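Down below are the structures I want you to see.
Across the two complexes that follow, subunit A remains constant while its partner is subunit B and subsequently subunit C.
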Partner chain A sequence: MKETFFRSMTWLHTWVGLLVCWVLLLVFFAGTVSYYRYEISLWTKPEIHSDVLQAYQTDNLVHQLQEGQAYLSAHAENAKDWRINFPTERKPYLSYSWQTHPEPGERRGQFIEHIAHIDGQDMVTDIRGSRGGNFFYRLHFDLHYMPAKIARWIVGFCTMFMLLALISGIVIHKRIFKDFFSFRRNKGGRSWLDAHNISSVLALPYHLMITYTGLITLMLMYMPWGVITAYEGDARAFRAELKPGREQVAASGTPAPLIQLSTLLPAVKASWGNTPIKQVVISNIDDENSRISFYQNTQQSVTDLRIPLIFSGVSGEQLSQASDTPSAAHATHDTLMSLHTARFAEPVLRLFFFICGFMGCAMIATGTLLWAVKIRQKQQKLIKQGNKPSFGLRLVEGLNLTFIAGLPLATGAFFYANRLLPTQMADRAQWEVHSFFAVIFLTAVLAYFDRSLTSWRRVLGLSAVAFMAIPLLNWATSSQHLFQNIASHQWALAGFDLLSLLIGIALWFARRKLAQTHTKSSNRVAASASRANKGKRVPTASAKVASDPELSAKEGE
Partner chain B sequence: MISNSMTLSLLNFSYLAFGSLALAMFSHFRGAFDRSPSPAQSRLLYWFGWGVLAVSYYIGILYQGFAYGSILFTGIISLAGLLVILTLSYRAHHLPHFMAGSGVLGTLLLLFA
Partner chain C sequence: MGSSAHSGNLYTLNANENGYHLGKFKVESQQFLPNQHRHQPFHLEQITVVLPNINWRAFISSQPINIMSRSFAAIFAGYLVAASACGLLALIMPLSAAQSTLTAMMLSFSFYAAAAIWAFSVRTSWQAWRDLLLISAILYIFILWVN
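Here is the complex of A and B:
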């Protein structure tokens, strides 16, 4: 261990941060993108972009419920359950969906969703296979190509490291208030440190919150012993007590007709007033034990609880009360969970969450870039003598290129795959995901051979063009283009295109910035042309360092 | 439903507040005005910044409730801080002008929200 507290904290911050930063970047990036999970899902289903999107209509509920019940009993007679999903702000369409009984050997049955047209005539049934925003949501904690359980342990481990890095970072940042507003441009390593500090400190409340609550989301998996002891190993009993509404009642086997769903609306209204209903779930259909659960749209309340109103499907008797207040511990847990998922956030707050998440990505990226810059400075002499940079440095620089520049490009590839792969392709949804990872892999291959600024420029330039062209892609492959979406107030779809355009422009600026640095540093290389360094490889780090005042002064002359 | 002009108003006030807090610091004051602040000026800017920040938080809570208002305000100040830093890095001399503008705009938005 190092001799002083401060130095050991610095050591901890550096190594804890560096060890997991690329997985963390992936997780943070996926999480940030997931704030627009439903918006992305909507964009990835161009089949429903016209004649489908509608707002919630209180007056039309009776009719919609009756239609839904009739449709489901005609099309999904033998389903495990039925769901009627009313339009919400983020999923602005009416849909009837059901889950089939699992085939032998399957854990879950197939999930089928049919979406209603505005005019109530026929349904949209042939929607392309795509995981849409759910891919990023799952990637955030389940990663991919591995069992979810292992992935969650990896993510949890990395999150714990992140919490350590955050706290040790606060401890070692002596000038946290003095340097609060300081960003010194074009100062090589200093600038990276400033950028790291700014992205960390400004969004620090967010970073601490999201990391801590991230651990909370899976706390019972990471630390199950309390529950095991209290419930003597019976996890099911714990869950039943925690969420009585979720308790599954087994079918009795005695057939009994289902009542009309719409007859329950007055009882729902008596409990909830005019609060919009989000979903109606019918389980054990046409059985004596059938259950009808109404879920409300919790809108802007800071909660993740889904407390249903449950009715018997045969008698219509109300089986649960609306006013079950959760215990203090339960409420605390719920608040922390909802802070993490931000389901309550309306568009403006959602944008702030997105910006903060983006700053988190910037914090991780600048941290590892800073490490590479510093180490390269240390090895500068050796490298100039013609030695190769150390393995650690090459590895870090390679991973930096792969993940920092590769992730936006891979995301772009995912959207292009969504629109360009044939709609009837087998395993289509999976191939969209494969294209995401294929691009990361290709970037890694590029990084293996060439980690110079030229590579960075190429990858960033490609992503910039890809993102700037997304509105065009949407125009070419969907029935509604950007201006139509703006005209018809479809802000989720229009916002997707506009945000992509903005991200593309930002990436283009990043590329241009690198190009400027590049010319500056080649000038310097040309000046010292007799050196062993042939200028073929302009290394990331020293190029950054090279953009010093001396050179700018020279250019000014 | 949240009113966007209210949020924008709070963003403007937070910008004003963070700008004042930045100008209360010796180096940033020099960067903006090319002269040193007097200790009284520094102190005034410092307390003015904190005051505006506190008032905007209070307004945020008033109109969005404690839970939602606090979360929204945290997001707003993160963005406002970032904007102040960008101004200081690229247009330091214009920071006082932008602050004056954001003060006026924030008040107008608040009045007509």
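Here is the complex of A and C:
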């Protein structure tokens, strides 16, 4: 379409990237945050920070199963299913939970989870309503305030665009290895380009992997055509063949007593040895067709087949065999899925994934900042003559401020809402989410009136202070503060505080950096600023690099 | 087609290489004019309305239409290619049904990406449509044939 393939791809990269970058930034940001989904969920429930956290104990299984069964039959007689959740590395507590039957008009019943104290005495039942890390996890493919189905199509569309932007980005990047090692500081737009290149190239395998596997996680929705030709559209049959353990057996209606769960432990041990058990699910309770499924804790392995051991709840007969070797395609699919979710990642690797995800955010953010810088530079002459910047430029600059600076602040607001909203508030979990979006909205309002560096500094400064104060917030609103958590080796909780502190400091540096460039460049652009809109507009982030000739010479359209 | 003899006609349409011209027309009395213009010095004979002479070929290859056409080709025809390739592969791969379906679905997004790149790299936008639709048609015929 342009004269050469190279030029076409440059054009494609710019526009495909720009069109969807803010949705992608939201998705990347929320996805990156949800690498710490369980840790966040733990942090957002201060009720269980003391006397609850424990490790998996093989010796105690019989006792815990008996206690759980007794507790559930006393408290959840009419539930749809029961779950006994054993402590894992990332969810270090024992809990008994159940799902109620859906009320008319509901798709699924309510989940209720009671958490056991270490001493085995009473249970923690009054946990504040919060979606915790699940909010970010859902946000990254279900968005919010819209039906999940529409949101997933939007996210899928944007992900496909991202894949195209990555491929075309590789094509146009002739000097991929040379640029990898060059970062020119304080060179205005040149530096933004270098930052874009570095954040893209350094984590390129990660970016490609996460984008492609992202599409694969929802491929049954996006690309059902294989099922349609090979299974004549019967997705249920396909799923049943894929995951034999997932088939649901309907209740027969004939009551029959449930056996003691602990009597099944020898059979589980015979199949799995001493591999930790993650969860026991009991469905169709007290029915002839009741089923008891044991799930393994597959934390450490890359593939996560989740093939359970299933027993009849009446006779205790084992109904499924321990998993046989998976087929190649199945294993590939599983590996791709766990690469996306990083569920196998131990703390150091998880941190590495988190950093890569953050680099993805940086790649998207620097890309769109770079676009704004270049367009402002093109319009510099007109702006100097007192004209307004074009609508497109104002829109992009506004959205940049809203999302790039607004997302960290909104995340901070979510954590503060979690600790400061009254615990008995109606719809509490939902109000935490509302406060997240309210902050984004307020940033957007600010961006509508003022997109100058001052605004960037204000928003970044506010989020820096908010994040640096999170350990203090935790100190004031939880029974365990940072030093106690370090002393008791609760690394999930201590890590949350420390990472927040680190992020706060990083945001503060970003703010200071902007303050410096502002004073340095204000002389240079003061003239243009005072002429534009009678001095109302202070130079924006892009104005400070408006006079960089190298930039426009390098890139195409 | 051009005609200069238009006396007595109210409207004539003349065409030349610059476009279509609405011919001059004479108004005998002022009754044709809107009220507010009645007393203004106004010579209707001098009005020539120039409508653009639409060159469809040029219009189609103009930048915005070209981009839109290619984008739609990439998004929709590209999806068609990916979908039919996915459907065909699920049928013909020498693996079990579940395995080949899984593999076909996993691969399909790379076909989609390749098709989209193709749509933006061929010379004209109609070529993009032609290629992608042709490929999906062939794949679809294969699906019917295998079935």
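Just so it is clear, the second predicted complex is superposed on the first by the 529 of 557 C-alpha atoms of A that agree within 3 Å, B and C clash if a C-alpha of one lies under 4 Å from a C-alpha of the other, contacts with A are read in each partner's own complex, and residues count from 1 in each chain.
Keep this in mind: a residue touches a chain if its C-beta (ideal position, glycine included) is under 8 Å from a C-beta of that chain, and two chains touch if they have at least 3 such contacts.
It should be emphasised that the depicted structure is a prediction, and the values quoted were computed from it without experimental measurement.
Ranking subunit B and subunit C by residues of subunit A touched puts C first. Once the two complexes are laid over each other on the shared chain, residue contacts for A:Phe353 go to subunit B alone; subunit C is not touched.
In the overlay built on the shared chain, the residue A:Ala515 is in contact with neither subunit B nor subunit C.
Of the two partner chains, subunit B is the only one that A:Ile198 touches; subunit C does not reach it.
Of the two partner chains, neither subunit B nor subunit C is touched by A:Leu319.
With both structures placed on the common chain, the touch criterion links A:Ile112 to neither subunit B nor subunit C. Residues 1, 5, 8-9, 11-12, 160, 163-164, 167-168, 212, 215-216, 219-220, 222-231, 238, 241-242, 327-330, 332-333, 336 of subunit A touch subunit C in their complex.
Every residue of subunit B that touches subunit A in the complex is listed here, in rising order: 1-2, 4, 7, 18, 21-22, 25, 27-28, 67-68, 71-72, 74-76, 78-79, 81-82, 84-86, 88-89.
Subunit A contributes residues 178, 180-183, 185, 198, 202-203, 205-206, 300-302, 335, 339, 344-346, 348-349, 352-353, 355-356, 359 to its touches with subunit B in the complex. Here subunit C touches subunit A in the complex through residues 66-67, 70, 82-84, 86-91, 95-106, 108-110, 112-113, 116-117, 120-123, 125, 143, 147, going by the rule given at the top.
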